[in-house]
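In what comes next, subunit A is part of two complexes: it sits with subunit B in the first one and with subunit C in the second one.
Moving on, here comes the complex of A and B:
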């Protein structure tokens, strides 16, 4: 009797969070999915969702996925190397704690601030650009100004992807137990067999999980891109903005819902993969 | 779950309160019309011209009785709007002007009117690009200002649902210390302009950028029926590495990031005035075919202050207000009639960039076709 009541009592503490999730995640998702199926006249229609196959929209999804995948891979590899290098430093030492806290801050340093930082350093009249041009005779924009285009987003995205990788991947590396290396050595294994047979298989789910998280992080980023690129709405979040606020192409508000629906689908797949990999990785991290 | 019903109740209460206020205001204003001696109760919200009130004094009395005017999306540095708002406030100190969302887009003005319908914070009047005006005529109350006949027919909807007020030509502003003066559109493809040419926004989103492509189309052997040649021009500009995809602002001009800017001539002239002492800024309207665009005034059909809205409209078409557009570098809708009467500020009028040989303004259907084409082709052309 009593044990049956204890569970709901504990769950009651989660109620504020549950309400929060419902109001700010569940409801918007429902509305986004809903508007994707409603036409301008308010009636049910599949036209808006069919507009997702429009070449411009498909190209935006392609660019979004490409950009997210590229920056996730770069961020994951660079971040993992940083983590590996950090293993050599004492866990409670100043270097580890500095990089830990720096990563936590930089992983969240996005949006307009980050865009401005890049404009000020490598914009057309940025400090570094001017220095390279006037002092070393190197014009990084000789073939056109790429910072305000899709390729220009790679640098700012990598800027917040690497620290995020450090935060998420470091615990996995730390959980590699020295006893495993000792066991490997005792049984006559080499360093090579340790990495190939033990460390990499144990780390793989964590690494892939972090990679997916980085992908999701880039895929849903909006403000940095909005502040840097004004032309073409090349990624999906910018397409959504365009559908909502355009003064030249009117009556496309419902397309924004359909685009959000497409993004939710991609994110669902990614997040399902992430939780699957995390549950596999978890048993090594106890 | 307890949180959910609360906002609903509050919204409901607010709606009831707002409805009550509107009802009171309406009663108040018809009472004022009575008092002003016209003898009949005037419902300001259905008045289609000043004759419904009797004379200007009666309209002023009704508006003063309402005591408030809500305007939306009027940037104070856009075509001299700051001075226009100040002059109205000086002339009618009894009417409190509430300026909402100064940097909003035309589309957002209509959204605000729909979201706030029935509340006393809803916008009374709109200032709209043509495409948005054409698509939302249901939202407007017809009204013809006293100087209606001075306004060219091409600029107004015949029943007065919307009226062109001020406008200008799509022009190119440039920093003469950084780049040579462009004499034609094709000049901008030259190597001197590498990484230097910007347009004000994305043409699939912003009216001014849309007009930049339209201007490029008519200058590039195309027409307003077909924007393709304009899209091609910007494609070439991009391929040459000259197109810089950053939204120009006075700040980007001051820092030298956007030394060449496609924008309305009055906005380009405004940048020059703002940056005086910091940057030299010249404005050129290319000879040949010019692309003109006017912004339109309209009254919200659900205006919470219908008499004040109509008084604002009358005020905008007075000689004083029209000359203020001119001071901001824009061309007032009544310019020709005022020139004939001699009431125009001749110095300012003569100082406007020379008018091209022919001028085109796209119709609603042409705008719509161009917007569709841009939606399909623009992103790919400038990638």
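Moving on, here comes the complex of A and C:
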């Protein structure tokens, strides 16, 4: 308690950061959520929020959640496999450091360039498309071009989900204590029983936590979809874009606010689950 | 994080060489194909068929001065924004983290939550609220592209915080600063001559990640109608997809080189820090739980 009384003088040092965060994180978030409750006349209304139940909007939320869940599961499984494969590699060796750096680049540098990469790969004249068509006689676009629609987002999303999984899950895997494996061996356990009875239960919260983070990552991703699809807005971030940039319908900014509110609600649930799982996982990482 | 550092070593039940090779080989192949496809795309000779290097050579032989000059300007903008963002990190985040760590350990959880928060607020949501904030900023200080750094400082907050905090956990900041104070150093020299050199690795890693994030940022710049590298690439791709892809490949390569450099800068120091952690763990063990667990 005595430290409470020494606070004031040094506390001024916390002010600049506090003001900055309030102005550029707190205030924008409040405005974003707030505009969802304001009508065209500037008065409080629930009409815009009611727009969230519009079938088009609901469909967008459905696609967003479906796309995020699918790519999160694929990303989490593939990423966990990569982490497992890296277990034996020395942490400061060239293999680990190369994959660490690659993962950071690919997880954060995606967006626009990812869209280019996949147009070059599975676009109409893409390398893989042409190869499959000319060499194997398989036309991936026999039923129409799906790259610029919702299914086309799956592969690019997986491309940034896997590296993110490697980054977030690797610390959990590395923190498995050698002593646990030794204890298991001393008691006559096999490698199988070690993974099944010790490692997997200990890793489960971390794995699920990373899975949720991947979901959040895909759910909030905008750049890839924006660069890949120029028409239509199948997912929520693209609907926010069209609400923000639409000049034909006045008052659509408020719909952007309502959509933002919806996104924040989904993210709140996901991140609450994430922090719950994180604290469970932390028990074993001491 | 600190637990992970301490327990690195030989890991039991690692996969066999064959299994490791198989997994990394298959995943690696899938990840290499799009990059190869980008390279293949830039080498195409168009309708004639076949491949050559003419697009690359054209670009490098002064191509960037003419019609692609906007990209160069945009790159300049992005680099400037990256520097601005790093400045925000160094001037606002680092001192605050140190102050909280040394003087207000009770606030550590709060600071952590605030710094991690931007992960859960999608950039597209932030833009909805940032638009009005930026119209005020524009009225006060102008609408120069540099003002975007104020928004980027928020988006890199989680990454920068993690990198610096990981380093901070391994250094006994409190003892170091008390020792320096006892020896007569003022707070300024404690900060610049004692703490910052000890946190060099974390700050550097935070700065590099911030640069990577800013160079790759598209959402905020695009919706606030500012020009940065990514928005310019989209514009270029509309009339010259080949050049846009070449520039993307170069950017990807530069970012990778940048992050490899972090590994290099961090690696020799990491071993030294770990030894220091083990040696000083009896002392660090006492203040940590009190600050960490409310």
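Keep this in mind: the second predicted complex is superposed on the first by the 259 of 286 C-alpha atoms of A that agree within 3 Å, B and C clash if a C-alpha of one lies under 4 Å from a C-alpha of the other, contacts with A are read in each partner's own complex, and residues count from 1 in each chain.
One rule holds for everything that comes next: a contact is a pair of C-beta atoms (placed from the backbone, for glycine too) under 8 Å apart; a residue touches a chain by one contact, two chains touch by 3 or more.
In this text the structure is predicted, and so the values were computed from the model without any measurement.
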Partner chain(s) touched by A:242 [first = subunit B, second = subunit C, both, neither]: first
Partner chain(s) touched by A:69 [first = subunit B, second = subunit C, both, neither]: neither
Touching partner for A:226 - first (subunit B), second (subunit C), both, neither: second
Touching partner for A:154 - first (subunit B), second (subunit C), both, neither: neither
Partner chain in contact with A:52 - subunit B first, subunit C second, else both or neither: neither
Subunit B versus subunit C as contact partner of A:144, first or second or both or neither: first
Touched partner set for A:38, first subunit B, second subunit C, both or neither: neither
Partner chain(s) touched by A:23 [first = subunit B, second = subunit C, both, neither]: both
Greater residue coverage of subunit A in the superposed arrangement, subunit B or subunit C: C
On subunit A, the residue positions that both subunit B and subunit C contact, one per complex: 23, 245
Touch list for subunit B against partner subunit A, complex: 1, 3-4, 105-108, 129, 131-132, 135, 194-195, 201-207, 210, 238, 241-247, 255-257, 367, 371-372, 374-376, 378-380, 382-383
Residue numbers on subunit C that touch subunit A, as the complex places them: 1, 3-4, 7-15, 17, 19-20, 23-24, 27, 31, 33-38, 40-41, 88, 92-93, 95-96, 99-100, 103-104, 106-107, 114, 117-133, 150-151, 153-154, 157, 159, 209, 212-213, 215-219, 222-223, 230, 233-234, 237, 241, 244-245, 248, 251-252, 255-256, 259-260, 262-263, 267, 270-271
Subunit A - residues contacting subunit C, complex: 3, 6-7, 10-11, 13-14, 16-17, 20-21, 23-25, 27-33, 35, 78, 81-82, 84-89, 91-92, 97-102, 104-106, 108-114, 116-121, 126-128, 159, 162, 171, 174-178, 181-182, 185, 191, 194-195, 199, 213, 216, 219-220, 222-223, 226-227, 237, 240-241, 244-245, 253, 256-257, 260, 263-264, 267-268, 270-271, 285-286
Contacting residues of subunit A [partner subunit B, same complex]: 19, 23, 55-56, 59-60, 123-125, 141-145, 148-150, 229-234, 242, 245-251
